[in-house]
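Chain lettering (A, B and C) follows the sequence in which the chains are written, and residue indices restart at 1 in each chain.
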Amino acid sequence: MKKVFGIAGLLFAVVVFTAVMSGQPDGSNTFLSAYNLENLAQRIGMFGILSVAAAFVIVTGGIDLSIGSVVCVAGCLLPWLLRDLGWSPFLALPAVLLLSAAIGLWHGLLVVGLRLQPFVVTLCGLLLYRGLMREFTKDQIMGFGDTAEGLRFLATGRVPVTDAFGIPVTAIALLVVAALTALLWNKTVAGRHLFATGRNEEAARFSGVATGRLTVLAYVACSLLAGFAGVLFVLYVNSAQASSAGSFYELYAIAGAVLGGVALRGGEGTVIGVLLGAALMQVLANAINLLGDSNRLEFAVVGAVILAGAAADEGVRRLFSRRR
Amino acid sequence: MTAPEAAAAATAVLLSARGIGKAFVGVQALQDVSLELRAGEVLALIGENGAGKSTLMKILAGVHQPDAGNLHLDGQPIALPTPAAALAAGIALIHQELNLCDNLTVAGALFLGRELRRGPFLRQRAMDQAAVTALARVGLRVEPRRLVGSLAPGQKQLLEIARALHGQARVLIMDEPTSSLTPGETERLFAVVRELRAQGVGIVYITHRMAEVQALADRVVVLRDGRLVAEIDGREATPERMVAMMVGRQLRGDRRVGHAPGEPVLEVAGLRTMAWPAHGVDLRLRAGEVVGIAGLLGSGRSELLRALFGADQALAGDIVCAGTRLAAHGPAAAAAAGLVLVPEDRKLQGLVLGMNVRENLSLPTLRSRGAWLDHGYEQDLAARAIRELGIATPHQDQVAAALSGGNQQKIVLGKWLAAAPKVLLLDEPTRGVDVGARAEIYARLHELAGQGLAILFVSSELEEVLLLADRVVVMHEGRLTGELRREQMSEQAILALATGMEVA
Amino acid sequence: MKRSTILPLFLLLAGCGGDKPAAGAGAAPKLAFVTNCVAGFWTVAQAGVEAAKASTGAEVSVQMPADGLAEQQTRILEDALAKGVHGIAVSPKDPANMTELLDKIAGRAVLITHDSDAPKSKRLCYIGVDNYEAGRMCGQLVKDALPSGGAVVIIVGTLDQDNARLRRQGLIDELLDRSLDNTRFDPQDAVLKGAKYEVRATYTDQFNHAGCKNIAQDVLGRWNDVGCLVGLFEYEPPLLLEAVEEARKVGQVKLVAFDEAEQTLRGVVAGKIHGTIVQNPYEYGRQSIELLARLVREQDPARRQALLPPGGILYIPARKLQKDNVQAFWDDLKQKTGKK
């Protein structure tokens, strides 16, 4: 828990700052309005799932740079299946998720079987899948027409709590994903083995842990979740263009996870930290849109805050280790 | 040496520490420690792990700053705020884990940080020539252009010493320099140490091995719980006396009474490994039997254990453990058949250092209750192992990395004992383990053998082999070259077989 | 550097060492139509090219750089020269840095630009929309949508591109009732208030579609009094509509669009988008090829000069689409692109 103090504090500070700054003369607050909180929760839902995906692989000591391209694959294929091929959503959704999982399996087998570096495998994946999708879609925008009306509830729906505020379905999806992931990581033998593998693969292997199988599993989980998020993104936007869908999302995903205390060297991380990290990224972007004269500074602010977060986190850790 | 010369040498105190104290976050690591190092002497520093040896050593080398007390060099007070300052003053620390970059050449490593240069360019040839001289001083004959990574551990050790001497070191602090050396390399190192002593270098020699103290030390200082408890003349240092001073009590150095072995539990036929692909090994182990594998480094001992356990794939061979045939198996299958390994490299292969004691102890035998991890089982297992093996840890949640070598080794042992093995393989079971924990581990192994566990261990320390084994098999270049029963065992007999000499 | 060394090599290989190539009176001119990316927009232009092919009898290859990089477009142009084409019509990706290359091409073949101009090069003619004028037309749509005035927020992919800057400036100048001057530039964070209209802010989404929708949501959350959102790039209006629909503010917040994305046209038909400005890529394709064919066939320099439009610029006017004329446009578009 100590590890998430830094990021939780930072998130709290940014939230308080934004809330204070966005108060209006008439007493209302643009940041704390039900409308804005709903939107924010919805985005955190989608990007949070991506960060959990990234965390799965980072925990094994690997990295997945292809997350954004898997989002692109899922985003381009779902409209194609529904509209151009006329598949039922009950067939199209599992097909897209299955393909995403297969991409993860392929990554895992290359990393474990051929002992290729995760960075290389997934960097090539990043280029390969987006390139293939651009060829496949001829760079055309893939729209649903009206074949996804019901399905879009997954991405744009709200479960009403009060008259003004409803919980976005994507936020619920993230909570479900996060809860399942937390259970897997903390409460199962496989989770313990996953973290042992990330900390010291050799020692885990010498303890009879099936390290290879677990690593493959992590890549499958990562791509499956990325594909699921891709489905949500395309339903959110209502269309996807291969050249831009999910572009650079791997960086948002990885930044969220790392910001939340998932160590790039592997074997460390908490689901709650990942959620906080992903939330911070979205709150920052939202704050810049709400408060700024223009959003030109978005990347600079995000970069500076992440750096500050990492430094603060390290500072907190040192403070604790000195006290011990 | 004439009497006045000897007197002058005796008074030529090179380095002295007075009243040194040091505390880390409330733990008093050193308290009022004073010692003197004279030019041309070997001062052995002994003590159990946690006694304060490494703290003292790091203070002498400028890594840590003392809270109390002061240092004098050549009679003048001196402050050593950084390792660089210590080096500049002529004090060099030779680390136990060798601090050399494998990708450099020998000359490059020797001159690292003080390269000869002309403007921005390296004077490669001049450095190569100077390297030959510097290496000759420690009796190391290798090409200056060879890569450090291709050197044997003993050669690397000598290179480190050459590096220190090349920096005009007059005080050498050596931290367990022989821990990864073969007997031959150890002999070479001893010769170099004696040579340096004759040249007037003062040497602080830290070790766990009593035999080395006897072979080298002019004086011995003993640390216990951060205090200097004894200082004795090297000639008076018997192993019994030193151990008693280190642990503060008498240890049972008892040899167990061998008992009748039971049914065969491990049968190995024609096992060939990558290390020596031409030779197969045949081996049979009975329940309750303790068998030591002796042999030189590189004789294929560790590879044999790793292949049995399935950590490496064997090239060929039959392995049957307690009725289960193991072929192309991994560690998981071996463990399931009752065959487990306490590996050689504790930090890399034995433990997940970043995990806590409980998690390490339960790693191989974790089980689920329904879908979830069985936390109750895990806690019971850890509590039992901590109690039975006497693991000194404040609580189960302590990170394994924070424990001493001996306690870490007990965790590795404990995690496999929880799997109720039939055959226990150990590779260097007490490397880097202090004498107290060592005795406890031996006692536990005796006890387990008495309960019918078959134990097969590899050790480079003959004392250990003689103490533990009912039977010794000796490996030489991938083959088992001989077998000695308990009554036939002696250091000479083992060494003869290990070096390939035929014995009658 | 690279271009200047590679280009002569290609020319040598192609074996055309002579002066400007000219097709013999009877032979079919070989022409190339080069776009700046792959897009639906260019599919329409291709239809125009096909129509011109039939009327002029020219051989035309249509080339679209798939990865949308200036590098790749350069390669396509060099290859076209190597194949010995007589005329090239190109939409230069990076006009400021391509002058040298374009001038070399102009020395070997007849060169015109379309869609996006390179005024500093030796191209003979530019065929395309006047983006500043299009921006002003867009402003007229906004005025029509908000007859009693109000605050407007602009969303655009980036302000690096010339067409984006000009469209935005035209829009601002129209709303603030300024004179016609396409050299003005108001910085992104300037305060822009006119008699009736206020341009509250300009946001860039860097072509990130989900990001565009997020920005629209944040704008709606930030200001209650914004009367109109304008999306200047093809993919943006559908996303703005998404955000406005989800906020249940259709009608309350007006939408004005650019280009003819399917969801944009649907929105106009349904009355949810007040109107959109469309270019005429079909005419880019048809007029470019027709002009090139005439230029290539004409050997005499003076008479060739006479074929060019005044000032070397042929504006194909943009059009305003609203509820009354959108269906006709859409049907025509479907027919030209061969979609039902």
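Keep in mind that, in the parts below, a contact is a pair of C-beta atoms (placed from the backbone, for glycine too) under 8 Å apart; a residue touches a chain by one contact, two chains touch by 3 or more.
Just so you know, these numbers come straight off a predicted model, no measurement behind them.
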item: Identifier of the chain whose CA centre is least distant from the whole-structure CA centre; value: A
item: Furthest chain, CA centroid comparison against chain B; value: C
item: CA centroid of chain B to CA centroid of chain C, Å; value: 74
item: Between chain A and chain B, centroid-to-centroid distance (C-alpha), Å; value: 46
item: Whole-Å gap between the CA centroids of chain A and chain C; value: 36
item: Chain C residues counted as touching two or more neighbouring chains; value: none
item: Of all residues in chain C, those that touch chain A in their complex; value: 37-40, 66-68, 188-189, 201-204, 207-210, 213-215, 217-223, 235, 238-239, 242, 246-247, 261-263
item: Complex contact set, residues of chain B against chain A; value: 25, 309, 311, 330-332, 334-336, 341, 343, 348-355, 359, 363-364, 366-368, 371-373, 415
item: Of chain A, residues touching chain B in the complex; value: 183, 186-189, 191-193, 195-196, 199-200, 202-210, 267-268, 322-324
item: Chain A residues within the chain C interface of the complex; value: 22, 30, 33, 35-36, 39, 43, 46, 134-135, 138-141, 143, 156, 233, 236-241, 243-245, 247-248, 285-286, 289-290, 293-296
